[in-house]
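Should a chain be cited, it is by its letter among A, B and C, assigned in written order, with residues numbered from 1 in that chain.
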Amino acid sequence: MNPQNGTFKKRGIDYEVPEEMFTLTGDYYHSEEIYQKELEKIFYKRWQLACREEQIVEPGDYLTVPVGEESVIVSRTKSGDIKAHFNVCRHRGTRICVEEKGHFANEIIQCPYHGWQYDLDGNLKGAPFMRDVPGFDKADYGLHPVNVRQWGGFVFINLAENPMPFEDEMGALIGRFEAWNLPELRIAHHIPYRLKCNWKLILQNYQECYHCPGVHPLLADWTPFQNAVHDCMEGAVIGGYMTMTRERGSMTMDGEAAAPPVCDVAGEDLQRVHYYSVYPNLLLSPHPDFVLYHLIRPVGVGEITNDCYFLLHPNVIGDAEKMERFKSAIEFWDMTNLQDWAVCEQMQLGTGSRRFERGRYAPQEDILYALDREVLKALED
Amino acid sequence: MNPQNGTFKKRGIDYEVPEEMFTLTGDYYHSEEIYQKELEKIFYKRWQLACREEQIVEPGDYLTVPVGEESVIVSRTKSGDIKAHFNVCRHRGTRICVEEKGHFANEIIQCPYHGWQYDLDGNLKGAPFMRDVPGFDKADYGLHPVNVRQWGGFVFINLAENPMPFEDEMGALIGRFEAWNLPELRIAHHIPYRLKCNWKLILQNYQECYHCPGVHPLLADWTPFQNAVHDCMEGAVIGGYMTMTRERGSMTMDGEAAAPPVCDVAGEDLQRVHYYSVYPNLLLSPHPDFVLYHLIRPVGVGEITNDCYFLLHPNVIGDAEKMERFKSAIEFWDMTNLQDWAVCEQMQLGTGSRRFERGRYAPQEDILYALDREVLKALED
Amino acid sequence: MNPQNGTFKKRGIDYEVPEEMFTLTGDYYHSEEIYQKELEKIFYKRWQLACREEQIVEPGDYLTVPVGEESVIVSRTKSGDIKAHFNVCRHRGTRICVEEKGHFANEIIQCPYHGWQYDLDGNLKGAPFMRDVPGFDKADYGLHPVNVRQWGGFVFINLAENPMPFEDEMGALIGRFEAWNLPELRIAHHIPYRLKCNWKLILQNYQECYHCPGVHPLLADWTPFQNAVHDCMEGAVIGGYMTMTRERGSMTMDGEAAAPPVCDVAGEDLQRVHYYSVYPNLLLSPHPDFVLYHLIRPVGVGEITNDCYFLLHPNVIGDAEKMERFKSAIEFWDMTNLQDWAVCEQMQLGTGSRRFERGRYAPQEDILYALDREVLKALED
């Protein structure tokens, strides 16, 4: 196979691909057993997106974050740090928080059942009538901690007891997108979706534009698929950019920018849309005039939630007229998302056939072949 | 056991039955494992009804037919033939059609995801950017074919790679019901049902009139259960007829014919209702004045869809006054169907009891005993 | 561990508890395999509440009682006895009754499918066309019996073929609560609930008041948790009483009695609320002025129905003014129930975490530790 054939641009990076690239077998999208293994080996072991820092501003603010079949409390401490813990009381295992978000009064995490109390660092502070119990030491009964790292205004978590260093997995993010000044940006809009497909199908869909001419006529006009360049294959971060046909354009209903350039974005970036999948659950897409990201969460072998967020500078969010114009970007991406979700759900259905063995990737889908290898490697670990 | 005892008429055919006839054990209606085996050994291996020819008239017309957990595209080709294929794109396994029926423009079956194109015979005609891929030959990537046979205006399919000849299984149909001229008839009415019972319980229910006095008072008036005669036990086709108490009667609310005799129906057939189960998914019931059939599809071990169709001559369908009168047949069968569905669902519930071992068939249920043997034989194969 | 520490009253009974009391592991609330074992070893083998006698008054009256995945017909016979049978026809396994309650006309239990008839003692009386079948004896085909015992106006059943004597399991009930004259009381109100939690969590919740201060502020005012005394640990019956802070009080919105004392209730009982869990499915709570009971039925490993009933003397039920006042008790318990259900559902969620191993009981939860041992012992049998 020669990915440099005449029909699409040379990629910016090199990686080995075999001549014949076959897809995964159908059970990788349908087997409950493989799904459970993926939870163990990937979702309970790897760094992944939890939320934006701005979602927990004040000390005591918290979010309840689902991770596979687990639930994690992510909260802001008194010192301004962000901490995360398993949402499980150490007394008898009660789930402490059931709301999606909230605020812990007096910086105390209190179980609603028997009133055991923890501070925001997870230390057990109060356990009624346990004082005189021989052999009981509060220090042994803190909330189980979850590891936290922040980058670009995003909060990443890792449920493993001894996680791989964040930099080893996510190193490629560090120093990237400086011009966007990501920590300064705020959520301007959120569209929640729920899809009937395996989580990997969404990552695959995001990593190739072979489907664009047929599925996304408007997107294919603004960024012809030949304009795709991959420039990153480090660790969990895979991606590149597409060059827009028009200067000062963007991915909107009319192809024109929806907002002023973000912070210091300039030069070539004014005509590029970046697409990075940050394995396993973040799709990050800096545009010249806004940042789009998707947060993917499996809720079963054949079902996910997919939350789509738009980030803008607070100055734009505060300007009603600018926000009116920005609707063109929201409309464009909602339409484009729905086009993608439909084909992903059809792929979920078809791959369940006993007659489906393996599919065959096209040259432009070579990245998917690499992505599949990553999954297989993770499952073997 | 003596099926010729004084309480019901002698059957027209002979087959061996033991003295003590016990039913299947409860797991045949409740075990997920046995159900999966039935799919493999019966629904993915035997000839079965897909649809009527009239449902795909023009070249490019198609139906999407569910078969167990599979999906099959049945379509009319340019030459007027009917072809069927697995509804799975060979590129990456996407389900191509999701609507129940539709029309392929330009006689091209196109996958909505990456646009691979097949002709109506399933040959891969277009696969963007695959031309120069070494070792890729379009001839290897046609849609997986499903076998098709037509009889009496019905379209039968078989998902096996090497199916048993149609005549070996369905031979008893050929030459039968000539007087009705089945291919000329058209669907006059359709009632879709969905039931919470195993597919076999519906076949059992159809094959005995031991339940008629209690469950169907009106039906039992028009055709007393003693009037049942079985005249066919060949291959997958099992059945016989019941003689009506009144001449020129039919199965309607008032017991009178609902329409003129169908085509050349004459003589004794004017006073008979025929009931044939064409294993595993068709119940065929020619009446003097119309043809009733049910299409059974398992959607799980304890759930089926059951589509009830009425066939009439186009001349009757085109006559509003005659169709007004025909409502009496529709009303009768809808009422009678619902009576049957209720007891089948109750049998599904009761057979799940740990205390249920095997039931005991009555002499008039000897055919069910034979039917059970067929299932057991199929599962052993 | 020293349950006699200064913070709560000494219990009235002695039983061995270890120093360190750990809870069951999470799989006891989540494993389908353990749940099936509990059905076999507990719900299909132990005495349990079916209904009140008053729910089947006339000969031929019946209730259809779900027990795990089974269904039992409980009916009143001609002689006034109560009998129970598996709801499964011996002909082919059909569930005979599908309504929650009803009346058998002519004292005949008739299967709706083929009309086999049984008398109220379960004897097969009619089986059409089976008379001449060699080797068929009606005496072999009676409905499978379920054992019945009555106590205090309650009907208990046991699905085992050779059940343990009622007195061995439930002996502690006999002679208890004589003052309430339980058989004379009638259902004054019924609140059906359905909860997403394992059945054992409700029993645990009922047996400790460690959670009361946080979960039930009003209840904790009327009966401070220090006032709890356990006085029974015999067989399946575990419980005790709480002393109310006010004389002639009761568990109502204002803490005052909701009705006159029940029958002969007097002395100390006028200031006590009794709480007995009658393992596995009855929570029995005699108050001075009414009797509250809950009937728990598992419908899956993580789901139950929980029916809450209020018993009163017929004289009170017949007095509209008194019933108006009684609403205060209904309102109190509905509120308190919902407070409990919420924390039980949260405990169900949290114990599913992979990071939850075992919780740690507090001294006041020693009864729960004993209850867990009972379950483990039953599962080992």
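The working rule: a contact is a pair of C-beta atoms (placed from the backbone, for glycine too) under 8 Å apart; a residue touches a chain by one contact, two chains touch by 3 or more.
Just so it is clear, the model here is predicted, and its values are computed rather than measured.
When the CA atoms of chain A are superposed on those of chain B, the rotation angle is 120 degrees to the nearest 5.
Comparing the contact residues of chain B and chain C by number shows a mostly separate set, under half of all numbers used being common to the two copies.
The mean-CA centres of chain B and chain C are about 48 angstrom from one another, to the nearest whole unit.
The multi-chain contact residues of chain C, meaning those touching 2 or more other chains, do not exist; every residue touches at most one other chain. Within the complex, the chain C residues that touch chain B are 44, 69-71, 86-96, 98, 112-115, 127-130, 132-136, 141, 144. Within the complex, the chain B residues that touch chain C are 1-2, 5, 7-8, 19-20, 23, 26, 210-211, 213-215, 342-343, 346-347, 349-356, 359-364.
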